[in-house]
Amino acid sequence: LIRFALFGCGRIGRVHADSIDVHPRAELAWVYDPIESAALEIAKQYGAAAAPTADAAIDDPSVDAVVIASATPTHVDLLTRAVRAGKAVLCEKPIDLDLARVDRCWTEIAALNPTVMVGFNRRFDPSFHEVHDRIAAGDIGRLEQLIIVSRDPAPAPREYLATSGGLFRDMTIHDFDLARFFVGEVVEVYATGANVVADYIADLGDIDSAIVVMRGADGALCQITNSRRSVFGYDQRLEAFGSEGMLSVGNQHQTSVRLSNATQTEAAPEYLSFFLDRYTPAYRAELDHLITAIEQGSQPSPGFADGREALALADAALKSLRTSQTVRLRSAVS
Amino acid sequence: LIRFALFGCGRIGRVHADSIDVHPRAELAWVYDPIESAALEIAKQYGAAAAPTADAAIDDPSVDAVVIASATPTHVDLLTRAVRAGKAVLCEKPIDLDLARVDRCWTEIAALNPTVMVGFNRRFDPSFHEVHDRIAAGDIGRLEQLIIVSRDPAPAPREYLATSGGLFRDMTIHDFDLARFFVGEVVEVYATGANVVADYIADLGDIDSAIVVMRGADGALCQITNSRRSVFGYDQRLEAFGSEGMLSVGNQHQTSVRLSNATQTEAAPEYLSFFLDRYTPAYRAELDHLITAIEQGSQPSPGFADGREALALADAALKSLRTSQTVRLRSAVS
Amino acid sequence: LIRFALFGCGRIGRVHADSIDVHPRAELAWVYDPIESAALEIAKQYGAAAAPTADAAIDDPSVDAVVIASATPTHVDLLTRAVRAGKAVLCEKPIDLDLARVDRCWTEIAALNPTVMVGFNRRFDPSFHEVHDRIAAGDIGRLEQLIIVSRDPAPAPREYLATSGGLFRDMTIHDFDLARFFVGEVVEVYATGANVVADYIADLGDIDSAIVVMRGADGALCQITNSRRSVFGYDQRLEAFGSEGMLSVGNQHQTSVRLSNATQTEAAPEYLSFFLDRYTPAYRAELDHLITAIEQGSQPSPGFADGREALALADAALKSLRTSQTVRLRSAVS
Amino acid sequence: LIRFALFGCGRIGRVHADSIDVHPRAELAWVYDPIESAALEIAKQYGAAAAPTADAAIDDPSVDAVVIASATPTHVDLLTRAVRAGKAVLCEKPIDLDLARVDRCWTEIAALNPTVMVGFNRRFDPSFHEVHDRIAAGDIGRLEQLIIVSRDPAPAPREYLATSGGLFRDMTIHDFDLARFFVGEVVEVYATGANVVADYIADLGDIDSAIVVMRGADGALCQITNSRRSVFGYDQRLEAFGSEGMLSVGNQHQTSVRLSNATQTEAAPEYLSFFLDRYTPAYRAELDHLITAIEQGSQPSPGFADGREALALADAALKSLRTSQTVRLRSAVS
């Protein structure tokens, strides 16, 4: 059994606790949260112990891996300490909002050859994953155009958004990684945005809608559409267009019921409403991937570098938004 | 150019006039209707002449073919006269409501080796036709089960239904022919029905809903569901289930628009509303088939015998409805 | 916690063990199977004890409920003993293959006011359940026609089928219950069948394909299509047609991926392949329903009488198949 | 009857000849093409006269309207002469490849208050039109994001592309107009492109794939994806996302047949293959709109200014492609 310590007992922490709980080869040993009651509640529910301090869990030699689902500013410190303690790490996105801090973190831990996975769960969504595998199998020839639509059902509250790092680092970062999953390295980014959803988002200096255009190193064009609000539910779709065909992923429904009546036909019920519904299988497959990597001594993917690159794309998008120009990446990289 | 005379200038007569008009190798020469104003109106619209009598059109040696779209009781007489005059005939269904009369008609004309086509337009619907061709091409292996759903948007008025011959001879007859198109000869018929749509239908001694089960000579089972009323529009679907797959035909929409909002997702607009919309291409392909048969001297299909057999199935269904027993056909046929 | 004993550790027994395991208010105490190794394996996997005899489990006063997932001939005996021991019972379908034996069983236990649920899991499928609820809410007006398509991916082996009771009692019985879920009491049954799938089924005197037509007491017509083999996977669909609309349930896919290429468009991947995939949520909801009924002291549904009625419909269908006549039910019932 | 003269007897000229032919209130009087045989063939097919010169048709006082479907460089001259002769004009897109020449043309004819319609047929596609009307009716609240996918089945030959004006002026121009149909005036354009389809397109200095991002004056973001090649057929889709819902337009199939077999499920046949199939109803509705405008003395839409603006967007996109910057429009317009 792989023994886990979980940092952060909020909404996303619960998702990971549940994934660990149902995995046949995993065990939740410790949970930690600065809000003790939150830690105690999860500890009780899953039969784990609430750690008095983060170090109490990190220093437990019986712990194999830690999941970092705490507030973003704590990620780098916890990740660094866990790596130094020899633990495998699953770190929620983003690693940090500051790319320089992320790079310093890597400088500190690189020599330890750490096992670090970043929580870009969309890669493990069964539909997206199938598209990835079928492209690799040649189903659509060469990938030429990738269209990602990603819209949340409703904007997070002001308090959350105020420290979120903005749309690109908080929400689009999933789509940046998903794009990289399909097109590989990105060499150009263009972004534009709008404020149409909620005034408080504009007040924060953030946008609530965006379109991003990217070019991959192999020439594929990629396009992302975001909105903080979709009244018909969580809108998570993708089209991969290639020289020999197209694979598309549609939204998923609660049931397969359709209604036809005097005013409409074949109307479906609501979509799976948010990430806890749509991406539950993805979170579980993500954890399974890490556990298998730990067991086999291999590197999990997406890794630290992928977390770094998605953040770099978010920064590039923000620069493009501000300058109205295409931002080129990697010119100095060989 | 194939020159046509059209008998009957009602709703279905107009459909045929229009098909003749747009066909590049056909010409509407004469139209006849006992209601002179109806004939004059169509004659004027399509540049044809209104015949003072049916014979005036039948006896015109320049006429190649007649379309019989008049009231059902007139079919046999017109058909017989047209065949004797050497014309090719497209006769709307049913040939007659009385099977014995149909058989006597055939006795009279058989020796003339007539070119007679019966207006079972569904065989020419592009979707049904594609299913037929793909079954023949082996796409689903051996056909084992055929499910036909056929529902009208709203019941015809009492006056029409009173002389219609009842649900099986008036409406299901299309489905009987469609079933024969796919499964060939039918050896068993079972039928049941209900009155749930309109009281005046029950008052007429007719049913407004039915389920029919049939068995083809090759062992395929076939099932038909009918209703005289479907609030969501003309419901015309088919599933052909075979040993290696299934081909299905869904309803067709006015447009490809779909709406998702806070209460539903992917709702389509109404279906093509009735036979004039759904089967316009079928009526045109039907006429083209006849014209090509005339030009090539071949026999069109479905022919007189198909019209006879569909009526025999309607009679068998009625017998089954009354006896609650399976009716076996062809026992005396060798 | 509701403590369960499980009888039968085969494929379906595992499904129930898993449902009990993941239910937050249930606990698997005992498992029993005449094949001791099967019992030991499940006991180990779920932390239960393997009972040396069925009675050892039934007589344990700490056990609240038993799940009977053993061979059909053992159902009545186990059910009777469990009821006498005061346990709630979830009995897999059918209660027995012999209607007289079922009725004798009820005579023996009726006075005990037993809590017995029969495992007609389809009632708990989220899609079917939604249709049921929406009909009750008036979404389609009065239900007039119900079409059920139910096809297994591949026939069970000869050994299984030889003691299965035949297509109607083994497979259609689920559809009989599903029909009753929607149309209530059934007053007429007609059935026909065919042998097109596998010779060994015919050798057993059984059919492998069937069409059943029924009439509900309130006048709704119902139609069931069955096959023992569907190459495109488990085919489980339903259409409820009413005076004001239609609700339909389609098959469900592994993913929402669609492929368009030079030879086809919008092709979906395979359907959820068999009942373990399609009906996992149904099995869990079924168990939850029983647990809630036990906790609240209410009667679970479908109950013993529903298990009896579905079997009676299977017998009626068999009689109809043999006589080619409609079989009327309940004429002597008041 | 509105009498038409048609200039240009190539592929698109035939489409218009056909639309005129089937319109009940239109008549094709003259056709002209520098290739006399092409003119004679269409003249014969539709019962029109082949004009010896363009002027012979323009100067015929019985002609009400001209359709300009000739080579792009001839458009401005023919349009100007037709307007001076008092004719209504339907001019195929683009008016010209040179925006300055378009503006000079307008300077010359503006005082004549001409009736000029530009052939942006997509506005008349029943599905796109329905979306437009339903947005106006409030079905999705305020329009926030518009996604247009527009891909041709296969690239035109080198000879055509060499004088086409490039992807934006030749192909995307339809999408620019469609975007304006929905979002109104466009204030920002960004474009990027790629060469992945055919080397000869790159050799011509043109791109074969593109992504365009635009912002409307009211804040809506718009995104266009183009490719010169789609192996699964003509790909013409649109999504209009708003504050209260989304309306989408999918591709349209030849038939409603779907195939499920051992390797896939619900596979549809090919899409309507190219503009002659997909947009036939649009071309007819476009012509009907012009005829109605002539009859009523109203201005048809899209008009000359719309043709001018779509070209201006194409030029802006080209500028953005070359500079990697957002191009702002209308800054000098008041």
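By letter and in written order, the chains are A, B, C and D; residue numbering begins at 1 in each of them.
Simple rule for what comes next: a residue touches a chain if its C-beta (ideal position, glycine included) is under 8 Å from a C-beta of that chain, and two chains touch if they have at least 3 such contacts.
Here the structure is a predicted model, which means the values were calculated and not measured.
A.B. asks: Report back the single chain whose CA centre is most distant from the CA centre of chain A.
C.D. replies: So the farthest one, by centre of C-alpha atoms, is B.
A.B. asks: How would you label the chain B and chain D contact, same or different, if same means the shared numbers make up over half of all numbers there?
C.D. replies: Result for this pair: same.
A.B. asks: Taking each chain's centre as the mean of its CA atoms, how far is chain A from chain B in angstrom?
C.D. replies: The mean C-alpha positions of chain A and chain B differ by 58 Å.
A.B. asks: How many angstrom between the C-alpha centroids of chain C and chain A?
C.D. replies: Result: the chain centres lie 40 Å from each other.
A.B. asks: Tell me, which residues of chain D touch at least two other chains?
C.D. replies: 231-232, 244-246, 251, 259-262, 269
A.B. asks: Could you tell me which shape the graph of touching chains takes: line, ring, star, complete or other?
C.D. replies: Shape of the chain contacts: complete, all pairs touching.
A.B. asks: Sort out for me which residues of chain D touch chain C in the complex.
C.D. replies: For this pair, the touching residues of chain D are 231-233, 251, 253, 259-271.
A.B. asks: State the interface residues of chain A toward chain C in the complex, per the touch definition above.
C.D. replies: 22, 126-127, 130-131, 134, 139-140, 244-252, 254-262, 269
A.B. asks: Please name which positions on chain B make contact with chain C in the complex.
C.D. replies: Those in contact with chain C are residues 142, 144-145, 147, 149, 151, 188, 190, 192-197, 209-211, 213, 215, 219-221, 223, 225, 227, 229-232, 235, 239, 241, 243-246, 324-326.
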